[in-house]
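Two complexes follow with chain A in common, the first pairing it with chain B and the second with chain C.
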Partner chain A sequence: MAAHGHAEQHHGGPVAAHEHHGAGKYIVGYIASLVLTAIAFWLALGHHMAGGPLALTLLILGGLQIVVQLFFFMHVTEGDGPPFHSVGLLLGLIFTFAIALMSIWIMSFHYQVQ
Partner chain B sequence: MAVVEKALRDAHGHLSGADPAKPLEYQDPNQSLRILGFWLFLATDMLLFGCLFATYLVLRTHTDGGPTAHELFDIPGFTAETFILLTSSFTGGLATLAMRNRNRKQVLAWLTVTILLGLAFVGLEAQEFYKDVLEGATMQRSAFLSAFFTLVGTHGSHVSLGIVWMFSILLQVAKRGLTQVTARKVFIVNLYWHFLDVVWVFIFTVVYLFGVVM
Partner chain C sequence: MPDALRQFADTYLMWQEGPMIWISDVLILLTSIGIVATLTYFKKWKWLWREWLTTVDHKKIGIMYLIAALLMMFRGGADGLLMRTQLAAPGMHFLDAEHYDQIFTTHGTIMILFMAMPFIFALFNIVVPLQIGARDVAFPYLNAISFWLFFFGALLLNISFVFGGSPDAGWTSYPPLSELGFDNGPGENFYLLALQISGIGSIATGINFLVTILRMRAPGMTLMKMPLFTWSVLSACIMIIFAFPALTVALALLMLDRIVGTHFFTILQGGNPMMFINLFWIWGHPEVYIVVVPAFGVFSEVVATFARKRIFGYTSMVAALLSISVISYFVWAHHFFTMGAGADVNTFFAVATMAVGIPTGVKVFNWLFTMYRGRIRMTLPMLWTIAFVPCFVIGGATGVMLAVAPADYQYHNSYFLIAHFHQVLIGGVVFGMLAGMYYWWPKMFGFKLDERLGRWAFWFFNIGFYVCFMPQYALGFMGMQRRMYTYPADMGWGTLNFVSTIGAYLMGIGFIFIVAQVLYSIKYGERDLTGDPWDGRTLEWSLPSPVPHYNFAVIPTVTSRDYWWTLKEEGRTDEIKPKPEDIQPIHMPKNSGRPFLMGVLFFVAGLGFVFNWHVLAVLGLLGVVVTMLRRSFEYDDEYYIQPEEIQHVESALGRL
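Right after this comes the complex of A and B.
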């Protein structure tokens, strides 16, 4: 198998030995991120929803943008060996959202700190 | 001499342990390990932003009689910043794609476009901060403004650092071509760039859109 790759590289150069990757995935990702952003602007500036549901919808749209960047641009499913990076990333995401959302939750009690 | 060096480089690059089915940046296990390390850095950087977002969300209404988010934010300004950064994330992705297709010229071109868009973003943000300060909305004015400038400023300094870093990788690719090492560098600087785009999506949602609406 290695000899085969070797021969190919010597005859056709490094480019010929590898399949050409198209830009389709990137274009789809870019369009998806533009559409998600446009929806967020339209909802927020058009006064189509009340405060609470609007905030939740905007956050969900933000979450979808994470998915677009991770899967269309950042190649999160690829890697060498077990997906340790996904575990680290997931843990980071859980901590990040826990810190932000629980801070809001605790502050919503309106207790005065003595 | 040059022939021997080239033969050694080819042998090292394409035969010893290299799997042509894998993308260029993953062919050497040492480079794969560095990519893993960079993912872990991104997870910790996310925690930094998580803390700054939490602070901002708690303090966003604490304006102390000073300017509020609603009065301060300029819709065309942050709309332009958002579309510039989204586009730069796409062009950065195209640089990664060109790297995988072993197209050095395209890598250089897309990195240049990404850097220019990054500069436009930082320029707009600096202009926005300057305008805020002229209107008396300084960092010291209220808890809201302290949290605002810290969160958005930390993101802006990440982008500024990213521009310098990407430029240094542009020079390396121009000088050394696409090796397993420079390919890994192109890959991780773009991981960083996409990460900053995600952080910006949340800044524009939680800071700017929430600020204009609520």
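Right after this comes the complex of A and C.
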């Protein structure tokens, strides 16, 4: 579907290009993302850490989720053509950290009456 | 039985709300009967289904977006006029407070999400594939899904007015006001579900056009040979992809609060309402650039065409578009300077906000330098472009005033703010989209819109705009706050408000002229037989109007920026016409009814969640899953147009 028109003439059609993926990679990715989510939930619900380190740990776990998504589901390493995705990833990285870290920074004022 | 009926009418149809609801009911009923009767009388049901509802053709999807956007502009505009009527004099009783709240909420939501967004998507769809020499977008089927999700999202929000009750917590929907404790009607759920459903479509459109532009350009069209409108779409898509997930998360969490009973934004249980505001504006600020950047693209095309000069400072235009898309992520906290985050946070966001003015200023100067010593033709697209420049510059200047964090404590949520954002959104987005509509109309339909009626519309709308919004700056300084439904006479706001209301009605008359212009031009508009009515510069003008459904019989090989202009200058226009021996079978996607069905199912699920009818919600979502599964196992979704058919079409157009 992705490439009808002229782009499709370069390879043997969109279906053929993706046939070599087995289910294994997807299952590993699925389990990995489940495990990461479970750890995050366990840490947040069980009050196992202090606020600051907890936030940092959750950020790292969130970052790992992105990595799992990119490598196991989106196959970032297997593109043809110009490496647009590396620019996209860099931009995504900047935005993600800007949004996550700056939100913490903005919201760290004492909003609740103590 | 009558009791049950009465209860249904009171709860869901709101028959105790008074004549406004009754009139709307009657109008909706009459319009629906009219549409059904017309379609049946002219036996057009099959045509509607085959040619439009199931289409995956980017040009037709674009036209449907355009129609939807104009209809929504009418609804949003009518809301605006109702508000201005209520505020025309002190102590008015035209609307009560509750109705006023509902009307400003739907006005804002509709104008941003269901007018501006489909309007830019209309132009994305109609123009981008033609400008880059492609036969469709990268994912035509997904494109149809995007449209139908938008359509049924918009329908869900609009139906709230006559079924269950409109949302009334403002288009920003801040908790705690939008939480269950303060707002337990279904209106707020309508808002959340409608935005969520259409938001999925918007993200998909962003991905679709990003891939289309990066991967489907004609051979030879390097990134730096792309037309500026396409560049602006690329910039907008980057913002859509990164910004819309923040909205999705904010809406989903608020929905969980309201439906499941979580406490993400309720302060008593350790939640934090300001976090919603933070998330909302992480999306909300890029959103205003998402809608204005494509307008910048339109202006770049229009100025170059009608000044008959290549655009001044192409590279700096591209740099400006891309830097706007990046900086727009670092300004969001300026929407809540008064929250109390402290001087360091406010300083950072104030400086970042002012910095956005720099690339925008670069663009304004580039447009002016392009016009300088050009032979300007004052056509309708050019008129709107020229009107845009001073309007947007004033709007930008008042924006920089608002960006000064300490001063913002005075302006915050006053009519000064209202005047500012209407000036940039109307002056930027609406002017830009209208310019784009006039510019590409002949490409869509094969005839120009009438110039004389268009000028009437232009002057009414422009003069009306200044009469409406300039007094509001003053009202802001005089202390008038946004979202007040009435005000006492001794505040001294009466005169300016009255003037503002006159301006709003002038804009309304302008809109009526546009409608008249469209209707008149369908019959009498100047037909475009050349395919190049404006003496354009980019590839879409090398095609006949309207464009055959496969766009390019033979994909051209591009060698320069403004390639069509180069060909015309060098007298080589025949080179781009297809030669019979070059015509190959063209691979096209088949139409499908499933995107439409998917929209219906999302609508059903949405309605289920709105009223907590869980069975309906689950059934709707199950239906969505089934359609997705069916799609996954569909293999016969493409076909080839044979060379004989293409030759037939092309020779009928006189191009072979």
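We take it that the second predicted complex is superposed on the first by the 77 of 114 C-alpha atoms of A that agree within 3 Å, B and C clash if a C-alpha of one lies under 4 Å from a C-alpha of the other, contacts with A are read in each partner's own complex, and residues count from 1 in each chain.
Note that in this section a contact is a pair of C-beta atoms (placed from the backbone, for glycine too) under 8 Å apart; a residue touches a chain by one contact, two chains touch by 3 or more.
Remember, it's a predicted structure, so these values are computed and weren't measured experimentally.
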Chain A residues touched by each partner, larger count belonging to chain B or chain C: B
Which superposed partner A:L59 touches (first chain B, second chain C, both, neither): first
Partner chain(s) touched by A:I39 [first = chain B, second = chain C, both, neither]: neither
Which superposed partner A:F109 touches (first chain B, second chain C, both, neither): second
Which of chain B and chain C A:I99 touches, first, second, both or neither: both
Which of chain B and chain C A:L91 touches, first, second, both or neither: both
On chain A, positions contacted by chain B and by chain C: 2, 5-6, 81, 84, 91-92, 95, 99, 103, 107
Parts of chain A lying in touch with chain B, wherever the complex brings them together: 2, 5-6, 9, 14-15, 17-18, 20-21, 23, 26, 29-30, 33-34, 37, 40-41, 44-45, 47, 51, 54-55, 58-59, 61-62, 65-66, 69, 72-75, 78-81, 84-85, 88-89, 91-93, 95-97, 99-100, 103-104, 107
Of all residues in chain B, those that touch chain A in their complex: 10, 14-15, 20, 22-23, 26, 29, 32, 35-36, 39-40, 42-44, 46-47, 49-51, 53-55, 57-58, 75, 79, 82-83, 86-87, 89-90, 92-94, 96-97, 100-103, 190-191, 194-195, 197-198, 201-202, 204-206, 209-210, 212-214
Touch list for chain A against partner chain C, complex: 1-8, 81-82, 84, 91-92, 94-95, 98-99, 102-103, 105-107, 109, 111-112
Partner chain A, residues of chain C touching it in the complex: 134-136, 138-141, 211, 214-216, 218-219, 238, 242, 246, 267, 272, 274-275, 278-279, 282, 326, 329-330, 333, 339-342, 345, 555, 586-589, 637-638
